[in-house]
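Going in written order, the chains are labelled A, B, C and D, and every chain counts its residues from 1.
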Amino acid sequence: MDVLMSDILTALIRIIVVFALALLTVAYLTYLERKVIGHMQVRMGPMRVGPHGLLQPIADGLKLFFKEDIVPTEGYRLTFYFAPILCLVCALILFAVIPFDAKFMISRLNIGLLYILSIASVGVMGIILAGWSSGSKYSLLGGLRSAAQIFSYEIFLGFSLMGPLMIAGSLDLVKIVEAQSVPFIVYQPVAFVIYLIAALGEINRVPFDLPEAESELVAGFHTEYSGMKFAYFFLAEYANMIIVSAIATIVFLAGWKGPILPGWMWFLIKMFIFIYFFIWVRATFPRYRYDQFMRIGWKIMLPLVLANIFVTGVVILFIGGY
Amino acid sequence: MVKKALMVDLITGLRRTFYYFFTKPITVQYPKEKLQPFPRFRGFIRLTQKEDASGVKCIACGMCARECPSQCIEVKGEGKGKERYPVVFNIDFSRCIYCGFCVEVCPVGGLEFTSFYEGAEYDLEWLHFDIAKLQEDYKKWERTFKK
Amino acid sequence: MAKKIESKVIDVLKRGTPFGRLEEGDVFNENLKIEDVWINMGPQHPSTHGVLRLVLALQGERIVDMEVVIGYLHRGTEKLAEFRTYHQFIPLTDRLDYLASPAMNFGYVLAVEKLAGIEVPIRAEYIRVLMAELARISSHLLWLATHALDIGAMTVFLYCFREREMILDLFEMATGGRLITTYYRIGGVANDLPDYFLDRCEEFCEIFPKRVEDYDALLYSNRIWLSRTVNIAKISAEKGLALGLSGPSIRGSGVNWDLRRSNPYSVYDKLDFEVAVFDGCDVYARYLVRRKEMLESCKIVKQCIEWLKKNPGGEVQAKVPKVFKPPVGEVYQAVEAPKGELGFYIVSDGSQRPYRLKIRAPSFANLMSLPEMCKGHLVADVVAAIGSIDVVLGEVDR
Amino acid sequence: MAEEPIKDREKADSEVPIDFSKFVEVRKIKEKYPEAIVDLKYFRDELTIVLKKEYLLNVCFLLRDDPETKYNFLTEVIGVHYPNREKPFEVVYHLYSVEYARRVRLKVMLGEDEEVESVYPVWPSANWYERECFDMFGIRFTNHPDLRRILLPEDWEGYPLRKDYPLEGPPGYREKWLKEHLSLYNKL
């Protein structure tokens, strides 16, 4: 009995630590993004709240928290409330299986990668529901765009992870990391590039931020949202960005492995390189058009990623693993 | 083809933004630090004083009121010839478009521009300047921002 | 109405969509009801550059029909002109195209001078051209900034504003106003340039071509930019001219027509510059035209500085009576404003005020060809098309 | 206000005799439609041709299609109101030839209830220009595809650029309009 209790207790502590850290990181990710983009655009970013604007995320959070909650008269109340929560929950429960260190994770699932891919695709539902239930045409278009976009990019995201998976021979994230004496990016550069592009599509970031393209669809699926419900979407988006970077770290950059520094620190450094890259891309590129984006996916990336899987398979067949 | 596959065009862009990431920002933190406008800057208008500080130079000829495209100046004077002086001189800065015609047309240089530009006000009445307010030191209206 | 829409839909399907094309023999299911989605783009929308309103009929995301609704910023400038003296109207011209106010002043004062037959001192002419070209650069910079932002490249926006700020500083130095300059007067300019102005201006001309490289690095050969602009919103030269398209927008369709060259006014015939013409007919060609025009304007500014430095001093304003009464008559004077042909038609009855003043605003006419450009494209292309014809609503609605 | 000075102008112009047949436009029109031209003026290097309104469309087609004129660009269509004249409206067309870089001004005089043929078939750009003309002066154009108000709201009363329209609108009109259009807002 005592053993069980202590198990639950440690699990709870881990959950609290991970989630608190995750939410804090997410909040400060917005700050980081604004600062990095600001400096890339020869300006400063937030400077007012606190020294160098350090308290800006908290001020933003407070503002959103106290904002009036508006539901459009044309909207469907139930789904309108439910959509942002679905989005955020799906984004946050993904943290459950991310191994930050060899030991430190909430739960070790032997089908971790599959879990992540499947839960992530449920999160899309939130966006579609939000677009539909807002009762606005702009939202509807945004929702439809994201339905098409995310469902098709899910495929490439999954396929691009297939190569490393075949080499590692397991869906368990810990085992994948342990299998990497050399990071998989060396063996799988094509898969890595495709993963990055698919990830950009998956988390709706420039150049693929079509569901919320602010210059075309005003704000896409969250045009009608305000206050805390908007904040949920916002948090979910940034949480997804962390998740995607974490997976890239685990699968392609050998997770927590690295000399001298402790494992979790290596993990964070690698993860933030990806996050920085995503922000950097946002500061640089224009936005693709919806049909062009689909064309890239189905006509260029799908053949490439299938060829990658095929070549990997052939090599494994003849050499018998690396 | 090779260039396209290696994404040279995209990398050029990424390099440029990365370069600017390490340069100094050009931002001016506005209420904390303010740029000094150039001498010709057309800010709020005020009445100039005579050299011996015995009053305003204005002779209330009404040229400015006639020339003003937005009809925001009201002048009434007393006295005759060179002795004429204004009794009423109102400028409605909520209507003023800062074109500078009044300053340009004045035969005695009785009006001049200040470098004061922070004319956003909650109270519309504050922007209705009368003859006394037009002679005040504009520096005291400047908003200060505590650091 | 429904029948009309349906026939339009069938038209579009015949032309082809990403989902296929309607062939000759295909039977349209009678029970299948097709409805267009009507969307109001504007008057409050992030990328309609003000209060432009577009009513779009969509099939999916493809545009079947489009109507442009304007007038939300109508201030009755032409009526106001009839109640102002010729001199008092100058500040109102600033507020037409507020992004290039010297160019607007230029058109107006030239028209009045033509009406009254006033000779302008040569120094004033050079100063005017210098200012108008700086205004052209600043207007095109703002255009590039917002156009790129509409297509999603937000860094270009701030880089462009950085240079535009330098031009606005120059304006402030010479005229006292940053955006609304009110610098031109009938018969010259308000006052001579300050001493340090020319040096600062020269400095800017040195820096500017280097800064254009910044924008090029982010846009010029970027594949995303190309795929968003090449072959988008095409309009042929004939169609463009018939629909009243002028300025850089028509030069992007291969028409070599620049009023500075074809009907030279002021001192443009003494200056050496190239007219930017590209014949892509699409958004990218219009981008190239404006990009080159910025560099050419920079050259003109340099020539003006050179002349002004060689010939210091001198009058900048012709003798114009205080009570200005032009002779009876009517004139039309057109200048090449940053957006296209800007014309002022003045009917004078010999009094102090114009009897009738009509402004031929380039953006107003350019906007007419927007539906023609956008039909059959996607929603995202509308944004690119609006950006590429560079409308300023202050000028459209007057 | 308008009557006397305009007579002056006509006098002033007639003082300087100009040989109008040196202009190719005039020659062409006279050749094909001898009675179309009512009057010719030349002021500040600008040629004005006043036409009979029945001939307007034909002359426009002629000027556009003739290889020696090629007026392929309609710059604008302008209305002018002279309340004291017998025919109070003047419609002014500015044409531009991109090829020859030349301008010409066509004019048509209209009575209070008269309509003029739309030049939309010649230059599609006339669409908005004529709409604006209708909006501001109430001049009607026959065969115009879509003659509606363009800058003012659909339900605006009166034509603002007519000389009898006061600068700030007819008295009480503003209040009435606001009351009607902000009624929903006021209820909230």
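In this section, a residue touches a chain if its C-beta (ideal position, glycine included) is under 8 Å from a C-beta of that chain, and two chains touch if they have at least 3 such contacts.
Here the structure is a predicted model, which means the values were calculated and not measured.
Peer 1: Go ahead and name the chain pair joined by the largest number of contacting C-beta pairs.
Peer 2: Here the largest contact count links C-D.
Peer 1: What is the identifier of the chain with the smallest separation between its Cα mean and the overall Cα mean?
Peer 2: Central by C-alpha mean position: chain C.
Peer 1: What is the distance in Å between the mean C-alpha positions of subunit A and subunit C?
Peer 2: 42
Peer 1: Rounded to a whole Å, what is the gap between the Cα centroids of subunit A and subunit B?
Peer 2: Chain centroid spacing, subunit A to subunit B, equals 50 Å.
Peer 1: Taking each chain's centre as the mean of its CA atoms, how far is subunit B from subunit C in angstrom?
Peer 2: 28
Peer 1: Measuring from the mean C-alpha position of subunit C to the mean C-alpha position of subunit D, what distance in angstrom results?
Peer 2: That pair's centroid distance is 24 Å.
Peer 1: Which parts of subunit B, given as residue numbers and ranges, touch two or more other chains?
Peer 2: Counting only residues that touch two or more other chains, subunit B contributes 10, 13, 16-17, 26.
Peer 1: If I count partner chains per residue in subunit A, which residues reach a count of at least 2?
Peer 2: 40-43, 283-285
Peer 1: Could you list the positions in subunit C whose residues touch two or more of the other chains?
Peer 2: In subunit C, residues 155, 162, 218, 222, 224 touch at least two other chains, as defined above.
Peer 1: Applying that definition of touch, give me each pair of chains that meets it.
Peer 2: Those chain pairs which touch are A-B, A-C, B-C, C-D.
Peer 1: Given the complex with subunit D, which residues does subunit C contribute to the contact?
Peer 2: The contact residues of subunit C facing subunit D are 70-71, 74, 76, 78-80, 83, 114-115, 117, 238, 241-244, 246, 255, 257, 262-263, 327-332, 334, 341, 343, 345, 347, 349-351, 355-356, 358, 360, 364-365, 367-368, 397-398.
Peer 1: Provide the residue numbers of subunit C that touch subunit A in the complex, in ascending order.
Peer 2: Checking each residue of subunit C against subunit A gives 18, 37-39, 45-47, 61, 148-155, 157-159, 162, 218-219, 222, 224-225, 227-228, 378-383.
Peer 1: Would you tell me which residues of subunit B are touching subunit A in their complex?
Peer 2: It is residues 10, 13-14, 16-18, 20-27, 29 of subunit B that touch subunit A.
Peer 1: Over in the complex, which subunit C residues touch subunit B? Could you list them?
Peer 2: 84, 87-92, 155, 162, 169, 172-177, 180, 182, 190, 194, 214, 217-218, 221-224
Peer 1: Could you please specify the touching residues of subunit A with respect to subunit B in the complex?
Peer 2: 36, 38-44, 47, 280-281, 283-285
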